[in-house]
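Notes to accompany the following structure.
Should a chain be cited, it is by its letter among A, B and C, assigned in written order, with residues numbered from 1 in that chain.
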Amino acid sequence: MDFFVFVDLIGTIAFAISGVLTATKKRMDVFGIIIIAFVTSIGGGTLRDLLVGFPVAWIRNTYYVYFIIGCTILAILFRRKLRHVRTSLFLFDTIGIGLYTVVGIEKGLSADLSPVICVALGTVTATFGGVIRDILCNEIPVVFRKEIYATACILGGVSYFVLLFLTPIPEGIIFVIAGSIVITFRLLAVHYKWILPTIYSKEELENLN
Amino acid sequence: MDFFVFVDLIGTIAFAISGVLTATKKRMDVFGIIIIAFVTSIGGGTLRDLLVGFPVAWIRNTYYVYFIIGCTILAILFRRKLRHVRTSLFLFDTIGIGLYTVVGIEKGLSADLSPVICVALGTVTATFGGVIRDILCNEIPVVFRKEIYATACILGGVSYFVLLFLTPIPEGIIFVIAGSIVITFRLLAVHYKWILPTIYSKEELENLN
Amino acid sequence: MDFFVFVDLIGTIAFAISGVLTATKKRMDVFGIIIIAFVTSIGGGTLRDLLVGFPVAWIRNTYYVYFIIGCTILAILFRRKLRHVRTSLFLFDTIGIGLYTVVGIEKGLSADLSPVICVALGTVTATFGGVIRDILCNEIPVVFRKEIYATACILGGVSYFVLLFLTPIPEGIIFVIAGSIVITFRLLAVHYKWILPTIYSKEELENLN
């Protein structure tokens, strides 16, 4: 199996699980859960494909749809195993953005787009599904929150191109490194409560108008 | 006139009225009402066309736009007749999702898509306009609520394919049956306060975390 | 340089600044600000291009992306000069919708679309970026508010076609007039607290149900 198809599938599983966890937290019914899991999994890739002008993958590829429904049902059945919902949700969401950033960059490269656009597409692919999930579940969307989120995707995407242009590391390995940077950076950032150096003066921070 | 063009027009009228009712409830000005009615009518079909790769119908078909504006103005003038806004809104929205589910399935079939995708497109066509209407009017989106909504569309869509594959009933009649199932099921579900069998244990329902 | 490319760039600057002002008001970090500025600038044009079936401009045009990032960084550095954030935000947003209305109409004409659709596309181009900006920044979206907003775009768009069909004024000048009408009308409307003549009876206004 193609490496990127594999990465895409694992990312799909991670986001489907994150969708199930968010929807069951809201005590949605079983169809609601399937819809949220589906939208979380395919939201980012769908927007990316529309922007680039690719045909939307899941429309023609029924296996993809059955795969998501299957993952969702398994995740519903075994959701008790994921006892600490908050931690599990954070973990699967983080794995999802790491893998989807890489998938988005690769899709951009396959359409001969420039590095800055590829990084943007990686970020869109990674973050948009989670944003829709949160809006539909009436949660504060993850990008609004103070946490490092899209920043991790941008950092991973930039690392990809820096390593590609400045080192002799083979491309396949660079993809693995870039995805790992996204995941590791977000895990560390949330664990150690990292925030970016502030651009605001003390005075500005005191006067939230 | 083509059967599906007819169904589409009736669905458009129903959703335009539901948009007018929601917007006048918020005391929007006349341009605001027209925009909300328009978005409610064309939102679902537009997303469906973008996903499948069809050209967006209303962009090239000016009659469609004038038709919606005309319906909207009539609905504004005669809104007093719809005294019980809450009931009327529910009714027109329900007729809308029934008809648009059928329109979405037919569009999917016309692009040779598989049954599961056709059901998904029917559901998207039926529900997305109402979701945008509610977000723009600052109402809780209808899909968030506990009511049976998307579930009725999925049930109607699945019924269509079950009847198509397992019975000798002609396709045109099956479409009528499928649309009626969506409408009847939602009417009954809301009237009798049906909910789907819960997947949650008693313990989970007590601990909404 | 082509006249419309110039108008588009000025509109882009105005919306990028409005994005920076909204995001810094929320004390977002520097990546967050860049993402909001970018989305505000390209949101409306992107939706318009998807609806018409044009390729999305910024995907293939890297200069556009660097231009927005450059404007954003300048706007961040000089944000102190824009002391009265509320007034500045209103001003740049208003310039943005005026210019983008004109750009949207011109794009519609270039695809041989009818006047009513061109006006709709002008309004979409002008308003959608600001709507996304407000949703992502957790502000009440500007179109929900009581202010004249989309109405100014529709009025400017209709004026364009009235002048084109009924007067001998050259097209280039009509574009300038139409954009000025949008900007002037909104400035005056907000300054003098204009509202459209109400369609509601006294009784209806008292009974907000």
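Keep in mind that, in the parts below, a residue touches a chain if its C-beta (ideal position, glycine included) is under 8 Å from a C-beta of that chain, and two chains touch if they have at least 3 such contacts.
Here the structure is a predicted model, which means the values were calculated and not measured.
J.: Among line, ring, star, complete and other, which one matches the pattern of chain touches?
T.: Shape of the chain contacts: complete, all pairs touching.
J.: Same or different for chain A and chain B, where same means more than half of the interface numbers show up on both copies?
T.: Counting shared over all numbers used gives less than one half: different.
J.: Using Cα averages as centroids, what's the distance between chain A and chain B in whole Å?
T.: Roughly 30 Å separates the two chain centres.
J.: Spell out, as numbers or ranges, the residues of chain A touching 2 or more other chains.
T.: 50
J.: Which residues of chain A touch chain B in their complex?
T.: 24-25, 27, 29-33, 35, 38, 46, 50, 55-56, 58-60, 62, 65-66, 76, 85-86, 136-138
J.: Which of the residues in chain A come into contact with chain C in the complex?
T.: 50-53, 113-114, 116-117, 120, 123, 140-141, 143-144, 150-151, 154, 195-196, 198-200, 204-205, 208-209
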